[in-house]
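Shared chain: chain A. Partners: chain B in the first complex, chain C in the second.
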Partner chain A sequence: MGVSKTLRRGILAAALSLAAALSSPSWAADSLTMWVRASGANAAQHLVDLWNSGHADKIALTVIPDNQVVSKLAIGVQSGDVPDVISFDLIYMPDFMRAGLLTDITDSMKGDPNFAKVAPAYAHLATYKDRLYGTGFTPDVSILIYNKDLFRKAGLDPDKAPTSLQQIHDDAKKIRALGPDIYGFYFSGSCPGCNIFTTSPMMVASGAKILPANGDEEPLAGTGVKEVLQLFRDMWSEGLIPKSAQTDNGANFAATFKTGKIGIQGSGGFIISDLKKDAPNLDFGLAFLPGVKEGQASAFVGGDVVAIPKGSKHSDIALAFIKWELTDEAQLEGLAKNNILPSRIDLAANKYFQADPRIVTTAKAIGIGYVPWVFHFNDMVNSDSSPWIQMIQTAVFDGKVDEAIAAAKAKMKEIADE
Partner chain B sequence: MSASPRSMHGAGPARLAPRLSGRGSLRPTLRRAFASPRLYLFSALCIVIMALMLFPIVMSLLASLKTSAEASAVPPHYFPSAISFENYARVFHYQAGLPTYLFNSLAVAFMTIALCLLLAVPAGYGLACFPVPAKEAIFLVLLLSLMAPYQALLTPLHRLFTSLGLANTYLGLAIVHTVLQLPFSVYLMRNSFEAVPKELAEAAVMDGAKSFQALWWIFLPASLPSLVTLTLFAFITSWNEFIAALIFMNRETGFTMPVMLVGVRQGHFGAVDWGAVQAGVIISILPCLLIYLLLQKYYVSGFLNGAIK
Partner chain C sequence: MIATRRGAMGLLYAAPAVAFVAFFVVYPMLDLIRMSLTNASLLGGGEFIGMKNYVKAAGDATFWHALAFTAEYTLFITPILIGAGFLLALLAVAPPRIAKLTRAVVFMPVVIGLGSSSLLWVWLFDEQVGLINKLLQDLGLIGQPMVWFADATLGLWAVILSIVWKVVGYGMILLVAGIQSIGADIFEAAMLDGASYWQRVVRITLPLTVRTIALTTLVSAIGSMLAFDQFYIMTSGGPKSETFTSVYWIYQNSFIYFKQGYGATLSILLMAIIFIASTAQLLLMRRGAGT
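Our next item is the complex of A and B:
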């Protein structure tokens, strides 16, 4: 009876599992749902935990892989199956607002005293046709990091970060001389997002304007673009950058520096807590991303915004949560206490950051940073075949700097015209 | 593997459930082969292939036991300098916790298997053994869903499922996975039923068996390896499927393993937590391995059973 017994068991199992099908995954009935992208999950979790500890309406967090947030929200809005509140990469804000995916919160937020203190970049980015659709949630900002141990070994002053492109080049040369597996500089050569975050601020600091808001504006304007690309090209051909940089699609954006074999790299504020956790013995310093001339500096203000999707079933509580996350309690106890930057600039220097001046540096970088308000950011910058990343690759790895810039300009204009 | 097919003088009246007797006519052949120098070449080849297959898994296992700083070292170290379970701990405690994701994945996978079996067996039986009008056209229609990229169907499907209350349920996701797997399953069962000797079916009919009885007592036991293949493939498809699992489930507590594994490794700007990836790989391999090992017995015995007919 061997076979039929097996079959019977199989059919029994099938029947049982079909019965189980009637039940849904277990979750609390009346909690709010919030979506957050995976790389912002840590910060969001701190905030949500704090909210849940003091409020009757609980929020349940759902983590969406970064690259899928756009498609998941778009499909959700179409079928009316959306979260009550959502946080996502701020750069998608213009596209989402124009597509009508978000709820207008202008009237509720305008009178809020905390809202006025949020970094202006967020209010600017979340405004479309004079209406407001969101606010800052968990900011991040790009900075320059350098390995102080390697600086010491190379005879450089560990407390003096490079303050111009030329200095980056000079310091990188000295560090490269320390050994065959020690490199002066690193960047993720196949990662469009990493480079708009860390490379474009060097261009902006040098006076360039990168992305056009519409077809009438000139993309990649100014000599800063060429000067930065030429610096990277020179460092690449001199072997100051490890070969693995060419194919790094961002997977090793943080990992390479942690090995302690890289002198200087552009990175983000998030790296502080990462390094403290994963490489506790690495002595590193932080500075602004410099430009061509001494004293020029800039940053890319990134991170996540928070908004209410159209169709949210608890928009009133969602709004209360958004107002709450701008209060002193949320900004200090939820974010700053956990080494995360607050989005309110008046809280940049707070009691939790006193112990580590490096965090204060990043908080200050938000004040000097820029964030582009553009449509089609994905096509212009973030996609794997974007004109932005093609320009960097052609200029740095193939050495055709002028051709690369001209091609990217034409392509970006074409995209902005759409 | 020392298994050999049951010889004709084996174990009394032919029962449809095969047993491996372990004694048979293959032995002398094998012995001759062992004596030949060709065997060394053959063994060496086997070892090379095995090494190629095992190398990534072993490296994955070793990397999963490194500390997270060591796991992302450039150039990578082959062996961990100290055994650390922090990567496993991270995967285990990520958001809703590993047991939740495992349960979700298993629930959806077993429902997918059940649905595939319940639909593909009658469909394959009908197409193989009955004079269905426009049989080939029907078969082609069944294969259609293989031809459309299912990513394109996600939006309309999601709208439909939301209005039916199937979004956010195990059953809803299992239906999507079944749709993905069904063409192959029907194709497999049809071919398998067609390969069953007509004499056997005719003998059953002579003995008064109805069509359902013939299916139950003749066709299904004779097609055991195909049923096992179907089960295995349905499991693996459902277990690994990512995009529908992400779109159709809307809450952390509803996500399956692949969605969790993408989330757990994600750092800023696509930075990858290599240690967590490797721990996740090892954890997600285990159920597939387990189900294969459990079913392997039927796979082999069924195969040999077919060979002597």
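Our next item is the complex of A and C:
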């Protein structure tokens, strides 16, 4: 009887020890939740799969429709029901930081050697009052694409992309002369997002500053704004741009170039794989978006950032994931191997991109690119009624360039003051 | 005593419906009014700011332009929908073969989602591959393809055409029900008196379906004042914000600019305007029916 009692005590002690060991963080594997917006889901899935294959703590990815990310996160933070980590369109970063929706990760990231190699645009965008709240995750960037076949037919050098606004104009004229349904240039005239992505870098490259971070800053400052709008207006008046551009709300942003009837267009890094798949016979080149003068170039750094929402139940593991996604392993095997751009600029010319120099150029564009740090980005730029798109439409299609810039400046200032 | 008991029983029977309305209508309405007095944001927070949103709305040129545009759209499309709906309803109560064909063909678009039908019409109006430009060119009515959504007026009429195609069948069905409720003996008596078809339509069908016409007009006008999907998909509010409808502008403020307090204010203003307009419409029709 005495032995039996001792045995029972032993079993109980062993069971308690085992339970304690299993509940200890060093033994137990946790399951993290991650939200990603639909547009970035493919790239995020590659990273999450790679993480899950090598870590005990698994991540379950939930894809959120693009237009629901903001409301879901805001409601989640207020109700305490948030994912452990979230990836979203980088333009919302300033608004999210100011609203207190994200966790401060400054102390953990500042000393990280990989973080120092991330494109400066991301660190700039994810900083609010000298504190860091996120970093680059799955980038995209704007570039200039041109149709080499049309360049050849027009007597232009197919290996020489236009490197100034004047060259774009000159080349577009020669290409337009090839036929009634061949056009020199294209842009989506009713798409605010497309134009901040591809048109604003030409202005920035020419020395302009587009958006104000607060009511004290001057919006649309610099002559580059007018010079780019005037170029577009001239090309529109001369018929170098198809009429359909006026009403394109972005639906044909990528599709029009695939027809092979457009000479030059601003686009994004995503277009490379799109064109290879949808228009495999189209011979195209790629370069930085130029400014007024030779040698001036810029890009809009887009894509998604990653951050930890306030109230994350596994913020320590979420932070480990964020640090891991900046390592060589994640950037190369998770992103570059799948033809996705890395956010670290030192890995732009990696082994997976060597076969196609166009991807290397795109990856390098992230290093020279900018992203506006601005509240109310939707009001100022992204909405269908924004002063940004009103300015472009009034300047390009109505020819009132100065009037358009003045009206947009006043409206942007009013929004920035809110 | 019995009366009191009956009253209590009546309240008990009505309680579920009252609770439903209180929870799903009254409470959200009161919360909307509360929110309209705050600077609530989709990102959280919201402090009481009194009537500031209402003052801002008074000076919001885009909102008033959107309201005027919505009213213009409603004034154009409502008579078309009612007129075409009535004529089609006459066909739909004709001899069986014509009636069946009319009902099937005209009602079919009603079951298609508004988003799907709007996308369909975007492609039909496309300047490069759209069938409408091709048709107009083949008929010799236009030389070059038209860019329909580059012009606010053309865009408006393109949307009206798409919506008439989409919803005219709904009005037709309501009016068919109204026409069929007229006793056959009245028509027979009129025929014996030698009334022609159109005389019967004007003197009998029209006056006796006036209540159905009033209902259809009211439903159609309210639906048009709340138009959103078709403009969101077909014009995106462009060119230069000229085709924003009231609801589209409320959506922009609430969900794109995150300004939920201001969006609530605009919603209340729109609701008040629709309420006043609908009441006036009903009073006018009642007075018309009484004279």
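As a working rule, the second predicted complex is superposed on the first by the 387 of 418 C-alpha atoms of A that agree within 3 Å, B and C clash if a C-alpha of one lies under 4 Å from a C-alpha of the other, contacts with A are read in each partner's own complex, and residues count from 1 in each chain.
The rule we apply is simple: a contact is a pair of C-beta atoms (placed from the backbone, for glycine too) under 8 Å apart; a residue touches a chain by one contact, two chains touch by 3 or more.
The structure presented is a predicted model; accordingly, all values stated were derived computationally and were not measured.
With both structures placed on the common chain, the touch criterion links A:249 to chain B and to chain C.
In the superposed model, A:64 makes contact with chain B only, not with chain C.
Once the two complexes are laid over each other on the shared chain, residue contacts for A:78 go to chain B and to chain C alike.
Of the two partner chains, chain B is the only one touched by A:38; chain C is not.
Of the two partner chains placed around the shared chain by superposition, neither chain B nor chain C is touched by A:53.
In the superposed model, A:214 makes contact with neither chain B nor chain C. Of the two partners chain B and chain C, more chain A residues are in touch with B. Within the superposed three-chain model, A:278 lies in touch with chain B and out of touch with chain C [touch as defined at top]. In the superposition on the C-alpha atoms of chain A, the part of chain A touched by chain B in one complex and by chain C in the other spans residues 71, 78, 244, 249.
Of all the residues in chain C, the ones that touch chain A in their complex are 41-45, 62, 126-128, 145, 147-150, 236-241, 244, 249, 252, 255-258. Those residues of chain A that touch chain C in the complex are listed here as 67, 70-71, 74, 77-78, 95-96, 99-101, 190, 243-244, 246-247, 249, 376, 378-379, 382-385, 390, 393-394, 397.
Considering their complex, residues 1-4, 6-7, 10, 13-15, 17-18, 20-27, 33, 38-39, 41, 60-66, 68, 71-72, 75-76, 78-81, 83, 140, 181, 188, 191, 193-194, 197, 242, 244, 249-256, 258-259, 261, 268, 270, 274, 278-279 of chain A touch chain B.
Interface residues of chain B facing chain A in the complex, by the touch rule stated above, are 16-17, 19, 68-69, 72-75, 95, 100, 104, 107, 110-111, 113-115, 117-118, 154-155, 158-159, 161-163, 167-171, 174, 216-217, 220-221, 224, 227, 231, 243, 246-247, 249-255, 259, 262-263, 266-272, 274, 298.
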